[in-house]
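Presented below are the structures under discussion, each in the form of structure tokens.
The following pair of complexes shares a single chain, subunit A, combined with subunit B in the former and subunit C in the latter.
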Partner chain A sequence: MSIIRLALPNRGRGGSGLALAMPAVLLLLAFFVIPVAMLLLRSITEPEPGLQNYAALVGSPTYAKVFLNTFFVAGIVTLITVLIAFPVAWALTIMPRPWAAVIFAIIILSMWTNLLARTYAWMVLLQQTGLINRILISIGIIDQPLQLTNNLIGVTIGMVYIMLPFMILPLLGVIRKIDPSILQAAALCGATRWQALTRVLLPLATPGIASGGLMVFVMSLGYFVTPSLLGGTANMMLAELIAQQVQSLVNWGMGGAAAFILLVVTLGLYAVQLRFFEAREGTR
Partner chain B sequence: MTTPFLHINGLRKVYGNVVATDHVELAISKGEFMTFLGPSGSGKSTTLYILAGFQDPTAGDILLQGRSLLSTPSHKRNIGMVFQRYTLFPHLSVGENVAFPLRVRRAGKDEIDRKVKKALKLVRLDGFEDRMPANMSGGQQQRVALARALVYDPPVLLMDEPLSALDKKLREEIQFEIRRIHQETGVTILYVTHDQEEALRLSDRIAIFNKGKIEQVGTGPELYANPATHFVADFIGDSAFLGGELAAIADDRATLRFADGEVLAGVPLHGTGTAGDKAELMLRPERIELAAGPGREGATLPVVVEDVTFLGNNSTVTARTGWGDALTVRLNFGHPMIGSVARGDRLHVQWQPKDAHVFVKP
Partner chain C sequence: MKMKALVVAAALTLAGGAAQAQQMVFTSWGGTTQDAQTKYWAKPLTEATGIAVVQDGPTDYGKIKAMVEANAVSWDVADVEFDWALQAGQKGLLEPLDFTVIDRAHLDPRFVSDYAVGSFYYSFVLGYNSAAFPGEKPATLADLFDTKKFPGKRTFYKWSAPGVIEAALLADGVKPEDLYPLDMERAFAKLDTIKKDIIWWEGGAKSQQLLASGEAPIGFFWNGRVAALQADGMNIGISWDQNITAADALVVPKGTKNKEAAMRFIAAATAAKAQADFAADTGYAPINTGSAALMKPDVRATLPDQQNALQVNADMAYWAAHRDEIGNRWYAWQAR
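Here is the complex of A and B:
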């Protein structure tokens, strides 16, 4: 986020601010602006000048399906992540300190564990003869193994798991700041648990839900490893499309165009979030 | 005996190995202003929290009009509460904060409008409906909290040190408002504070808490004139304690011998003791007279003046007895000795025996 802030025009700062920001600006130029500019350039010049790459991406049903998959999965993943992360963050806030510390450590450690390893672990768990199917069959919920890998279900499960910490952390940030006596006050005012949740807790946690949700959504849009391992070839997502275009087909124009669309969507979402937060801060 | 309006019956609460309250027993009448006064950690909040339903007691019961509240969850107890910390809902306007209890009770729009207006008027904040809590002072926020706690006409209002975060002047202003609101609404109030002045100013009766137990219950004047224990005597009003030994006991009068051999007879005794027990003589500063020599009537002791402080409407003289205990004497403005008393003077203090109290040391 700080990168985005720096990239935005510097409001109300003098020349000395710019001088101080020089190293960062150079770094951004070298590793961000120039590569993106080259990508953009290649997307409108290869194989020949024009917008035909973008036209193809927008026009063809095959590519449309990739975009649809990507946004659909990212949306579902975000939703499920919020639904799981909220109770987890709440439980972490109210449970006794030592327990909360242990669970918090597990969450952080899982973020540091290799992504590939964790995704492979899910492949093993989710496959037809995997643990999850065996348990479901043995307790009699199903009698045929469910198809949980090589489709969007597998992708969703795997991505929710990977994204959870990114949702839990910002939620913890806002929920920990809520004074428990505010909820006690709500209860004495006559609010049931449900009313206290929907009328007090959720509104107060909204900034955390928004920032965590946006982060998860944007990360999900660009995810590559999990969809390619758990999603199979039939359900391609945007990151896979880009990799395929560039690596297998050496089609830099098409890959660049897809990447550029992804970048624009991402930046657009961040801009919305920045506005949202600045508007909120303004009322404080 | 008739059923008390609110009966706190043998309440005990244990956290791990900490006994927060023990055998708290109190009967409160309808419309009464009852204050829990005691030092920090003496179990006042715990008692209030059990009433609110945030904690379950280890033993004992809470009865409102004869019916136990313990199995009723907080949100169904219909009790109002103002907390020590600011607990307005920060995302809701003042009007919506006060409307909250009515909204969760699914009241109609007209009723909500009418009651919110009335409650805000009661705390003198009419016209503040659209303000956000963050844009209000601490005193205003606590008044909104009071309106929110009263808008649904609860039979009992709990207040847990609601003014402790405010400065002295503002505190006194709001104390005055709370008294007025109590008179206007007739609501039964349980008020917690560690500030004796606040307790004396507000309450019909005061329960003195110490180490989880109630030491004494009574009106302010009762507690001041007849403290049952050393702790109460020390907590209400500033008093001097002179250490000595019980020499003899007759009925409820004691004879006390001090370290320098000085003997006082006929002092009211609190508690039980036998000759030889360590005891303390308690004196209120405004009951002590300062004189040049030993008086003809009453009790008297020689002292050496240690310090004189002029405080406007009175002067405070700190003096020390022959065996080293300090006591203060208050001289009202105009007292002939003001101006002449000085550090190092050898004078006498005297008082009426009935104005002193002897507490046997445990």
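Here is the complex of A and C:
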């Protein structure tokens, strides 16, 4: 219900809106909805009809660990991304214009650079014989190289870096609309800086944090390249499991089941966000 | 020279008329290996017959299955792992090969089946960065698993395939003749002893990067990749002790519209000279029994087929029969 309402905001002019949306709808139908339906069908028919693929996914401790890993990594990445993106977005808002424009351009440019190239760059920087370890050793902070790749640290660094723009942009949109004099008002009323942040700025920025956070979390759930290159097998994520099943084992039933579970989780989260925002819109 | 070849190819194409102006697609794993396949297999075929060979890749078993099921096969010949080829043949994903076009008599019988012939064969070998081990050098598979004697990260092939499980069992003292059926639990127990020190390589380029940089100073590699590093003048050592052979295969996905061209491509690729030239360039062994005589002795000496005495052959038929089961257990163990 809420999805329909969001998709067709101008219900009075719904007819022409629908016609305009037709090309996109048909494209999605042909190249997304139907293939996904076929994948779902495979997940309950291969190698034989039944729910054995789902039972295997849910029942095995290995796959349970992969699911847990996936949510854990996505959660950590989202949390760290928020912590870094919030000050950046705030700084961009209060900074003098020319500087803000330069930094904004750098953030956007990083999004346009090839994902694989950026991930390989991190691999070279983070490995044991890489630049970061060599610098730390040469200035005497550590004796032994730190293990920064092929584990959770590598995945987290690489993914936070890639996700940052997706958090900064929605946050910026919301924070820019906040009237800075509101903070002065808070100070005049006797709020400390901390209180001004937690009781004024953060609540007002919550819609940005929520939509950016959800986007980052959902994108992280299905991420493949970065975990596969910077992570180890011990913290395998769901997308890698799907790739293994589809490409290496040619077991599309199992791959389809895992993909479908991921899709359901994602749609569920999306529904929660819609409801949350609808509720907020209503109170205004 | 190149221009002339082009002109000749064009002339042949024109002379043959539209009916013979064939085009086919070959897919392989990229990198230096596919470059060599293009140079020594595809180009001579095009020059001799006018069949244009389009290169694609990387090979993806999921895609092959999808193409065959949808009856929309766009890869006419694929370079695949031999055990997958045997399994895919049984599952009906492949065209039977036409041995009136492909000369079976001169192919190593270890690498010929109704649906697949060898593309080249290779060995998994112990490779090490000599700078990391200034004293005693690693020599046996047991050394590969001995982190006290040879400390540091070690790198192994990530995907479920013949090689690493066999190596673990041999290192644990299993005799080569007792390897099959594979004792997976014993192999995992042995691998568990070094699991925290393993960095997995998923492709040849990464394996070279790990070894050359010293990120993983020791590991288990495709012999051709180690040979390439040595040829670049790097201080890399190799031990052939209990090198484990496996092979790639050339297959034709079922339902291709260019079956005739595909068979001719395979015939050209497995010919004695094509196999000899490819082997000399890549360090992988030829599967044509007539190739050896066409190669320089010093080049031949570096190939896996000169290491027969130290060699352990991975059992492709066993792998083909148990590929799914081994794969599921392998990935489950990795994620554990």
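Going forward, the second predicted complex is superposed on the first by the 256 of 284 C-alpha atoms of A that agree within 3 Å, B and C clash if a C-alpha of one lies under 4 Å from a C-alpha of the other, contacts with A are read in each partner's own complex, and residues count from 1 in each chain.
Going forward, a contact is a pair of C-beta atoms (placed from the backbone, for glycine too) under 8 Å apart; a residue touches a chain by one contact, two chains touch by 3 or more.
Nothing here was measured: the structure is a model prediction, and the numbers come from that model.
Following the overlay on subunit A, a side-by-side fit with no clash is recorded for the pair subunit B and subunit C.
Touch criterion met: A:Q195 reaches subunit B, while subunit C stays clear of it. In the superposition on chain A, contact of A:L204 is made with subunit B only, not with subunit C. Of the two partner chains placed by superposition, A:T156 touches none, neither subunit B nor subunit C.
In the superposition on chain A, contact of A:T119 is made with neither subunit B nor subunit C. Seen from the Cα centre of subunit A, subunit B and subunit C lie 150° apart once the structures are superposed, a value rounded to the nearest 10. Applying the stated contact rule after C-alpha superposition, one finds that A:V66 touches subunit C and leaves subunit B untouched. With both structures placed on the common chain, the touch criterion links A:Q247 to subunit C but leaves subunit B unconnected. By the touch criterion defined above, A:Q127 reaches subunit C but does not reach subunit B. Of the two partner chains placed by superposition, only subunit B is touched by A:A185; subunit C is not. When the two complexes are laid on top of each other via chain A, the two nearest Cα atoms from subunit B and subunit C are 46 angstrom apart. Residue overlap on subunit A between its contacts with subunit B in one complex and with subunit C in the other: absent. For subunit A in complex with subunit C, the residues that touch the partner chain are 60, 62, 65-66, 127-129, 150, 228, 232-234, 236, 241, 244, 246-252.
The touching residues of subunit C, counted against subunit A in their complex, run 60-62, 65, 153, 158-160, 199-200, 202, 213-215, 323-324, 327-328, 331-332, 334-336.
Here subunit A touches subunit B in the complex through residues 179, 181-182, 184-192, 195, 199-200, 203-204, 283-284, going by the rule given at the top. Looking at the complex, you find that subunit B touches subunit A at residues 52-54, 73-81, 83-85, 87, 89-91, 100-101, 103-105, 132, 134, 145, 148-149, 152.
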